[in-house]
Amino acid sequence: MRYTLILGFILFMIGLWAMLTRKNLFKIVIGFSIIDTGVHLIIVTIGYLSGKTAPILDKLVTPANAVQKVVDPIPSALVLTAIVIGLAVTALMLSYVVRLYKRRKSLSIEDYRELKW
Amino acid sequence: MAVLDILGAIITLIGSLFLLLGSIGILRMPDVYNRMQAGTKATTLGSMMFLLGLGISYIECGCIGRIVVLILFILFTNPISSHALARAAHHAGIKLADVSIRDCLKDDEQEQKGASV
Amino acid sequence: MIKRLLIIVVIILLIVIFLPFMKNVILKDSLNELSSGYVEKSVSDLKTANIVTAVVVTFRGLDTLGEVTVLFIATAGVGLLLKRKKGEKSKKSDKRPASEILQTGASFLFPLTILFGVYIFLHGHLTPGGGFQGGVIIASAFLLLLLSNINFQFNHTVLHWVESLSGAFYVLLGLLGLILLGSFLNPKFLPLGTLGTLFSAGAVPLIYSFIGLKVGSELSNILDSMRGAEE
Amino acid sequence: MITVFIIILGIIMILAAIIAVMSKNLLTAIISSGVISLLASIIYLILSAPDVAMTEAAIGSGLTTIVFLYALSRIKKINKEIDDD
């Protein structure tokens, strides 16, 4: 599963590049959400153990052999909460974008130069 | 058991055939509305038969009730969503193909406009 | 020009730093001590069939509490930023109403979707799913109403009460564990039952239901604020 | 077999990410960033994390796209109000 690790890394780099080079505020937020997906992919991959099943007990995974049969549940649990937070943070960023647009009527980051040095 | 297995496999095969025909239709049809029709009618029937075949071949897992609920859900949501998409496309002013001869929605809208004015 | 060069240098530097890490990361083939401890404990002590639920609700319960707090703060921020001022009335929207088929279908699907969300978070300790997924499904049910009916208004009083009460009950259940058993968010004060039935795993389904209600109402709130009130 | 599937999914995801970053049309960019999340949820399913797959499919491709679209429509509405005044 090294491929998903590399995939997550490439997505992270594309998102970072978008955040650094794009001028449009929307594109910056999209870059942020791509970074989010990449990081989640990497964390889930680190918890994966090849040839094992999901951490849910059923007919095949009995309480006796659960430890030998399941993948790591902790990264799944962490990513679960991280995805929900990601949505809330994206919504917060977008509401800032709407608010800035109402004030200055521009989506380009170059028009906001108060803190530029 | 073997009879049920073969029956389920045949139904799944027919369902996937419908899905294949639907995707060919999406590629070959001349305009948005015809494509949408191919992508809705064929895939609704196709995915219903696919799920039904799966439920028949794995009848011992006892998930046939859930599959019936899923089939009802697909039967209900797929046409509605396709209808909303087609209506939005018509409102956005996407032209019909040159070979088509009737546009009833346009006639209806003009009639309503005439009635209200 | 200098800025562009700087960006390229930063990206290349990051790739140079992280690529060896990506190459040398050791993908393990057995659980480490902490994870196997969690798996054993959740099967023997808590009787939850879904181990991820046990980790989210109990073993990492404080993380979840913090996460719900972050969600609440973000929702409050969105509502505050997009608040419409008193005098500022929006014009009558010129959107045309949705068609008859869509409205009827949406009003028929809405209760079914809510039911599905409740099913997901009540069965969070047995099957994949839980409070977060169920809450998202409830929010998408409200989204269906928002999209199909342009004049739809949320009843904000009910929404705020559901949100605050579910958050308060979540903390109260945690405190109950602290008082009765001596540790915060300990769900074992209810009978554990047998593995694999609906009434099992102590208070885990109850806690997850409150998380689900809170997440659902908060996400619906975010959607409503992002849409903007049509007066 | 599963490796080939993951590689194909990964190539589509990277293409979608590049389209999302480079496209001049904001609507295209938003939709392709939703496609990335949808394909990521399939990969989570292959990595045997069904809980994460459910959450990502519902949030990443559903609600996040909707939130982006609402923000875009609000910006268009502000534009229209300026034009009217």
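Lettered A, B, C and D in written order, each chain numbered from 1.
Keep this in mind: a residue touches a chain if its C-beta (ideal position, glycine included) is under 8 Å from a C-beta of that chain, and two chains touch if they have at least 3 such contacts.
Since the model is a prediction, treat every value here as computed from it, not as a measurement.
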C-D or A-C, whichever has more C-beta pairs in contact: A-C
Where chain B and chain D are represented by their mean Cα positions, the distance between them in whole Å: 24
Mean-CA-position distance for chain D and chain C (Å): 19
Whole-Å gap separating chain A and chain C, where each centre is the average of the chain's CA atoms: 16
Gap in Å, rounded to a whole number, between the CA centres of chain D and chain A: 11
Contacts with two or more other chains, residues of chain D listed in rising order: 50-51, 55, 59, 63, 67, 71, 74
Residues of chain C engaged with two or more neighbouring chains: 50, 52, 128, 130, 132, 136, 219, 222, 226
For chain B, residues contacting two or more additional chains: none
Touching pairs - complete list by chain label: A-C, A-D, B-C, C-D
Chain A partner contacts - residues on chain C that touch it in the complex: 4, 7, 10-11, 14-15, 18-19, 22, 25, 27-32, 34-36, 38-40, 43-44, 49-52, 54-56, 60, 63-64, 67, 70-71, 74-75, 77-78, 81-82, 127-128, 130, 132, 136, 195-196, 215, 218-219, 222, 225-226
For the chain D and chain A complex, residues of the former touching the latter: 3, 6-7, 10, 13-14, 17-18, 20-21, 26, 29-30, 33, 36-37, 40, 43-44, 47-52, 55-56, 59-60, 63-64, 67-68, 71-72, 74-75, 78, 82
Interfacial residue positions of chain B with respect to chain C in the complex: 73, 76-77, 80, 83-84, 87, 91
Residues on chain C engaged by chain B in the complex (per definition of touch): 96, 98-99, 101-102, 105, 108-109, 112
Residue numbers on chain A that touch chain C, as the complex places them: 1-2, 5-6, 9, 13, 16-17, 20-21, 45-46, 48-50, 54-58, 63, 66-68, 70, 72-74, 76-78, 80-81, 83-85, 87-89, 91-92, 94-96, 98-99
